[in-house]
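Shown below is the structure under consideration.
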Amino acid sequence: MSAASPRTTPYLLTAPGVLFFAALLGFPMVMTFVLSLHSYDFNTGIQSDWTLANYADVLGDSYFHKIFSRTFGLGLLVTLICVLIGVPEAYVLSRLSSGWRSVFLLVVLGPLLISVVVRTLGWALFFGGNGILTMTAQALGFSDEPVSLMFTFAGMTIALVHVLVPFMVISVWASLQKIDPQSEDAGLSLGATKFTVLRRITLPQAMPGILSGSIIVFALTASAFATPAIIGGRRMKVVATAAYDEYLSTLNWPLGATIAVLLLLANIVIILSFNKIIERRYAKVFE
Amino acid sequence: MRRLGPVALIFHAVFVIFILAPLVMVIAVSFTDKGYLSLPTDGLSLRWFYAILDNPSFIDAFWMSVWLALISASIAVIIAIPAALAIARHKFPGRDFIAAFLLSPLMIPHLVLGVAFLQFYSQIGLGGSFYGLAAAHIVLVTPYALRLALSAATGLSIEAEQAALTLGANRFTVFRKITLPLILPGVAGGWLLSFITSFDELTMSVFVASPATQTLPVKMYNHITQTIDPLIASVSTVLIVLTFILMLILDRFYGLDKVFVGKG
Amino acid sequence: MSFLKFESLKKEFGDFVAVGDMSLDVERGEFISLLGPSGCGKTTTLQMVAGLLQPTSGKIMLDGKDITNTPPNKRGLGIVFQSYALFPHMTATENVAFGLEMRGVGKADRMARAHAALEQVRLAQFADRYPKDMSGGQRQRVALARALVIEPPVLLLDEPLSNLDAKLREEMRIELRLLQQDIGVTTILVTHDQEEALSMSDRIVVMQRGEVSQIAAPLDLYERPTNTFVSDFVGKTNLLNGHVSAPNTVSVNGTTIDVDTASADVGSQVTLSVRPEKLRLCDDTTGQKVRIDAAIFLGSSWLYRVTGELGELFITQPNTGSAGYSKGDMAHVSWPAGSLTLFEDAVS
C-alpha cells in the first residue's frame, strides 16, 4: 500500500521467513559444504584440514563414476518414458468431457499425494520373487523360476516412471489449458488434417509444459531416494542411496557431504539451464 | 469437444491401469488371510488390520507424522502470508533474491537437506529432537505454502484494500477484514499441500528422525528394508484411504489440478 | 474561501513527473471533472486527494484544514474506483455497511442505513447478492452507495462509467448527475471521455501530460478552447496549419482566410480550428470548392470527409430527411464568421 508505507515494511514482512531460513537452511547448507572440504580418517574421524581430496575421490573413482552415470541414465530414461506416455495422457485428459475429466484427473494426480513409500511398496509386491510377476509367468508357462525385477534397473525405471509421471501430466495439462481451442479449429478450417493440427498447432503450444515437466521429472529422478532404495537396494545404488550409505553405514560424513554437494550442483545447473532454454525459446510467444 | 478415437481410449485405459495397479496390489495384499505375502484368493480377512493395533509403533509414528505435519504446515503458512504479501505487493531492492531464497528448498534434493540437517543438529546438540525435525519440515514445506499464498496475493487487487482504507479502516482492520479473507482459499490450499508434503516426507526425515521421533514414512521404510509383509500392506491401505479422503476435500475446495501446478 | 483547494500539487515517480504543479479551487457542491487522455495524471491527482498517494510537494486543503498529511482512513472521503473495488467476499449490503462499521455505527443502524443507500441507487432487491452475481452497472451502483453512505464531504470518482456499455453509460451520466445535485456533495470526476465531462460537470479541468491545459465550464471549453490540444481533445475539430500573411488574414496552403488574428504577428505560424458542425456544404459557389471523399450516415447527421485547397476536412451536416452527397460529388464549403478559432501554438 502506497501512501504511508515506509520502505522497511517489505523487509519486516519477509523477516520471519528470511531469518528462519538463514539460520535453518543457509547455515546447515554452508556447514555441509565446509564438511565436504574436510578429510575423514577411519580411526580418528573427521579432520579439521582443508582439502579437495573428497572431490578428487568421488570424481576419480570408477565406483562413483558408475553410480553417477547410472543415476544420470536413469534420469534420462525415466524422463523419456514420462514424455512418451505422459504427454498423450495429458492430451486425452484435456479432450474428455468435464465430468470424466475431473474423475481421471483425480485418478492420475491423486497418487502424488500418496506416500512414495506406499507406491513403491506396490511395485515391490509385483516385482518380488513370489510376486504377481512370477505367478503370472509361471501360470502362463514362460518360466519355472521365480521372475524378479527387484534390485534391477528395469524395476527401478518402471517404479520411478509410475511415481513421477503425474508431474509430467500436470505440467503438460497446464499448458494445454492455455491453448485457445479455436486455434485448432482455425488449423482445420485452413485444410490441415487432424494429425497435422496435432503436430503443427497443439504440440508446439504444449512444448513449454513438456519441457518444464521434463525438468521436474529429471531432477526428481536424479535425487530420488525411496524408490531406488526399496527397489534397487544395495545392488543398484544411485547417487542418493550411495550418499545415504556413506552417512549412515560407512559414517564417512565428509564423503557423503561431497556427494550431496555434487548432487545439488548438478541439480541446480540442470534446472537453471533448462529454465533458460524455456525462457529464451518460449517467453516471447507465451505470456 | 472433439471425440477421442479408439486408440486414444485404449491408451488411456492402459495408463490408468498402470497408475492404479500398484495401489490395488497393496490393497489386495492387505486383505489376505495368510501369514505371508499373497493375494486374498481364499477369502478376505481383516487380520492384518487388527495386527496394526498390536503394533503401537506404527500408531505412534502415525501420530508423530500428524503432529509434525500440523505444526510445520501451520508455521509455514504463518511465515508465508506476510512474505507473500510483501513480495506480491512491494517493489524493493532484494525482492527477487528473497523470493528465490524462500523458494529455494524446492530446488534442493531432500537428501541434501537431510544430510545438512543431520550434521547441523548433531553439532548444535539438537540431534534426534522433535524440534529439529519440525524445523527441518518447516523449511521443506514453506515454499509450497508461499507459492500458493503468492498466487493468491498476486491476483488480489490493491484497490479493494484502498477502498477499505478510505472508508475508515486502519491497516490492521484492512488486513483482517479484506486481505486475509481474500487470500484465504490460497492460504488454505497451501496449508493442506504443506501438510501432505510434510506427512509424506521420507528422504530428509530418514536422516533427521531418531527412533523417538520416527515419522510414519520413516517407520514404514525401515520396516520394508527389513521385511515386506502383509502388515506393511495393511498400514499402506489405511494411508491410501486417508489420503483419498484428504484428496477429495482438496479437490472440492480448491481443484486438484491447481494445487499440483503449485507442487510441480 | 473555496471548499477544496490544491496548492501547487506535484507528484513525481522517480524522475517522471506524473502531476506537475496543479492548483485548483473547488466550491462546495461543485461537480468538477478532470479530463485528459490516458496517462496524463488524473488518477494520480485523485489518489493524492484520497490520501492513497503522498504528493511530492504542494498542499491539499479541505474546508480550511490542511489534509495533505492526513492518512486516507481519517479523511472520510468517498471514492468510487474504476474497477469498483467491491469486497468480493461481502454482499452488497455488507459492502455498503463497511464504512459505517468502521465509524462504530451499531449493527441495526448501519444495516438500515446501508439499505437506504442501496435504495437510493435502486438496488434494494439486490441487497444480499455478492458482487460476482451482479452486472457491471449494479456493481457500479453498489460502489457508489458504499462511497455515499458515509456522507463524505467530497466524492471522488475514477472513471466510474468506463466499464459500462454505451447505453447504460449514458443513462448513468444523467442518474449520477441528478443524484449528485440532489445530495449536493462536492464531486471530482476523473474521465478520459469528453462527452462524459461535458455532460456532467460544472467545470472541467483539462489535463495534458501532468499539466493543467485549461479550466472552464463545459460550454466555454467547447466554444472557446485556449489551445489546440483542448480544441482537438474536447469535441471533434479540423485543425489547419498556416501563417499570418497580413493583419487578420491567414494563409493555409496558399488559400487566404479572413480571421481575427488578434495579437499574432504577421509571418508567425498559427493553427486554425473549426468544428465539423460549424462548416456548411452546399451546391452554390460560395466558399471553397471540395470533393466528397467519403460520406457516412450517422442517423441524426451525415459525416463527410472532403478534400479541397485547404486540405482534408471533416464536416457534419444535420440529417434533414433527404439524401446527402455521395462519394465523388463536388460541393462548396463555407462557414459563418467567427466560427474559426486561432491558436498561436502548433498542432501537438
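Which chain is which? They are A, B and C, in the order written, and residues in each are numbered from 1.
The rule is simple: a contact is a pair of C-beta atoms (placed from the backbone, for glycine too) under 8 Å apart; a residue touches a chain by one contact, two chains touch by 3 or more.
Molecules present, by chain and UniProt name: A, B = ABC transporter permease; C = ABC transporter ATP-binding protein.
These numbers come from a predicted model, not from an experiment.
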item	value
Busiest interface, counted in C-beta pairs	A-B
Chain ID, smallest distance between chain and overall C-alpha centroids	B
Cα-centroid distance, chain A relative to chain C, in whole angstrom	58
Separation of mean Cα positions, chain B and chain A [Å, integer]	17
Gap in Å, rounded to a whole number, between the CA centres of chain C and chain B	55
Shared interface positions of chain B, touching two or more other chains	162, 165
Residues of chain C touching at least two other chains	51-52, 71-72
Overlap residues in chain A, where contacts from two or more other chains coincide	1
Residues on chain B engaged by chain A in the complex (per definition of touch)	1-2, 4, 8-9, 11-12, 15-16, 18-26, 29, 37-39, 78-80, 82-83, 85-87, 89-90, 92, 95, 98, 101-102, 104-105, 107-113, 115-120, 123, 135-136, 138-139, 142, 146, 158, 161-162, 165, 171, 196, 199-200, 202-203, 206-207, 216-217, 220-221, 224-225, 228, 232-233, 236, 239-240, 243-244, 246-248, 250-251, 256-257, 260-261, 263-264
Parts of chain C lying in touch with chain B, wherever the complex brings them together	50-52, 71-79, 81, 83, 85-89, 98-99, 102-103, 146, 150
Chain C contact footprint on chain B (complex, rising order)	157, 159-160, 162-170, 173, 177-178, 181-182
In the complex with chain B, residue positions of chain A that touch it	1, 5, 7, 9-14, 16-18, 20-21, 24-25, 27-29, 31-32, 35, 85, 88-89, 91-92, 95-97, 102, 104-126, 128, 130-132, 159, 162, 165-167, 170-171, 173-174, 194, 212-213, 216, 219, 222-223, 225-226, 229-230, 240, 243-244, 247-248, 253, 256-257, 260-261, 263-264, 267-268, 271
